[in-house]
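In what comes next, chain A is part of two complexes: it sits with chain B in the first one and with chain C in the second one.
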Partner chain A sequence: LPAAVLLKDTKLMDVKLGQLGTWLAMRDFTPGGILGAVRRGYNRYYNKYINVRKGGLGGVSMVLAGYVVLSYIWSYSHVKHDRRRKYH
Partner chain B sequence: LGIPLVLIATTFPALLLPSPNNRWITSRLSTLQLWAINMITKQLMMPLDKKGHKWALILTSLMIFLLLTNLLGLLPYTFTPTTQLSMNLALAFPLWLATLLIGLRNQPSISLGHLLPEGTPTPLIPALILIETTSLLIRPLALGVRLTANLTAGHLLIQLTSTATTVLLATMPAVSLLTLLILLLLTILEVAVAMIQAYVFVLLLSLYLQENI
Partner chain C sequence: MLSRLVLRAAPAALRALPPPVAVGVLHTTRPLHTTQQSLAPVPPLPEKGGEVRHGLIPEEFFQFLYPKTGVTGPYMLGTGLLLYLLSKEIYVINHETVAAACILTVIVYGVKKFGADVAAFADKLNEEKVATALAMKNEAIQTLQTAIEEEKKEQWRVEGRSYLFDAKRNNIAMLLEANYRERLLMVYNEVKKRLDYQVAMQTLKRQKEQDHMIQWVEKNVVQSITPQQQKESIAKCILDLKALSKSAHAAV
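Let's turn to the complex of A and B:
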């Protein structure tokens, strides 16, 4: 049964598990493509949570929480010595 | 605290600022930030005359940058680029030098005349000129070191008191007192806001003390 839409154009949620490998291989991994993907993601987030008339605290807090998590991941090797032990 | 984190930490505040999209009624965040920026700029530009308004962009953007980086440094596990003395001196020194050179170039006698306050008794003049010159030359160092020292000291105090609190969890009554102290310290440390105000204000102080523009 041929797919109704080309595999290249399906969104991620519609890809079947078996087709995931080929779908990933078909994505655009050039620097221009990655930049375009980042831009699209940013615009989606921005327009959904921040660029609305009565945007609340949640939109900015999600970004800040993500920033905290990112900083934790980045400094994990430095921070993992600060555990709570009886003998240091 | 690796090298990549410095870059991310320095450029991250730019993400938090809104980009204008030509709507008449913008989002709430946009409105709030525009109102804040307008208030800051008006406050900064009031003492200056028209020629000083050329500095509006750089001073306001400096203030916004310092505000955001310092406030972001209060979140857990984040890195504050302004705790590094190299960065603060790099911000302070060229701007101070610019004000000095503008004053010396456009109206040299007036800006040199600021070195001697009015009405000093005559025998005191040579000593006072030396003192005023020293105070002038030490300004960029003072600006940079002030910012670094305040932020580093604040971070250090928070770390130390929170460590003390977790260690003292074994013995109960001392803990509640220390947690109260930490909370108070954090709230007062959101005087990092005032820190920025102090920085730009002092920068501006030296600017219109020249009264050169």
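Let's turn to the complex of A and C:
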């Protein structure tokens, strides 16, 4: 028998599609948990792209691109009015 | 005797108590001291960061799609997505698009032209930092090495301690000996002086006694010689002389 790993401990990419709902429900959504998740994500990105000997442009530019996309999404309701259509 | 009674009663009383809980078991569910939490030595920084293609998309995405769609898959996906966004006007083309295009052109041109130089400059700064740190570390190691050498030398010197102490001990012994001999000589001289004094006193006394006695005897003898005796002795002497002269005459 393969070693039974708890669903709680599997990573997101290993979760099967049907288990996604259960997996999401088991995550820690307390403020402390969310803070921990943010910190972990930041550390992963930082240690992979920025905290290296010869860092490249990609590390910073990905963050800026993400910022651009996010700000476009947030301002979409305002940009809607510039669409080429007869009736907005 | 009462104490012996108490001693006999104690084990029986102890056996009557309930057996204690096993004290060796820790009631914890969390295992203790399993991770190897050591902060040193710190692993070195990786040389290069994660690969990013076109400065925007991480390489992992391309690898993720490669088995199913080959090399052009992600580019097709990108084109399709772009056309979809444009046709449905989810991405709206307005004045900001023009501005974004200009800015992007300038940025790309700048990066392509000056990227290598800036990277070299930053690398040089890093190198200097690392070199200073390394120099400090080497210097510290060097100081410690010299300290170790000095310590070994001192330890070797300590071995010579016994010779030093022997020499000192000999010196002191000689001093003591010299002092002792000096004092001995002094004592001898003093005693000799005292004894000489006593001897001189005795000889003087005897001499004085002798002189006195001789003088006294002479005085008495001179006193006892009366004039009568003097005449008789002189006459006898003359007779003796005459007799002697006669015998001398005869001999000749």
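The definition used in the following text is that the second predicted complex is superposed on the first by the 80 of 88 C-alpha atoms of A that agree within 3 Å, B and C clash if a C-alpha of one lies under 4 Å from a C-alpha of the other, contacts with A are read in each partner's own complex, and residues count from 1 in each chain.
The rule is simple: a residue touches a chain if its C-beta (ideal position, glycine included) is under 8 Å from a C-beta of that chain, and two chains touch if they have at least 3 such contacts.
Every value quoted in this text rests on a predicted model; they were computed, and no experiment measured them.
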Contacts of A:H78 with chain B and chain C, given as first, second, both or neither: first
Chain B versus chain C as contact partner of A:L35, first or second or both or neither: neither
Partner chain(s) touched by A:V52 [first = chain B, second = chain C, both, neither]: both
Touched partner set for A:L20, first chain B, second chain C, both or neither: neither
Chain B versus chain C as contact partner of A:Y67, first or second or both or neither: first
Footprint overlap on chain A, comparing chain B with chain C: 50-56, 59, 72, 79, 84
In the complex, chain A residues that touch chain B: 50-56, 59-60, 63-64, 67-68, 70-72, 74-75, 78-79, 84
Of all residues in chain C, those that touch chain A in their complex: 45-52, 55-56, 58, 89, 91-94, 96, 111, 115, 119, 123, 126
Chain C partner contacts - residues on chain A that touch it in the complex: 48-59, 61-62, 65, 72, 79-80, 82-85
Chain B - residues contacting chain A, complex: 1-2, 4-5, 8-9, 12, 15-16, 18, 21, 25, 27-30, 72, 75-79, 166
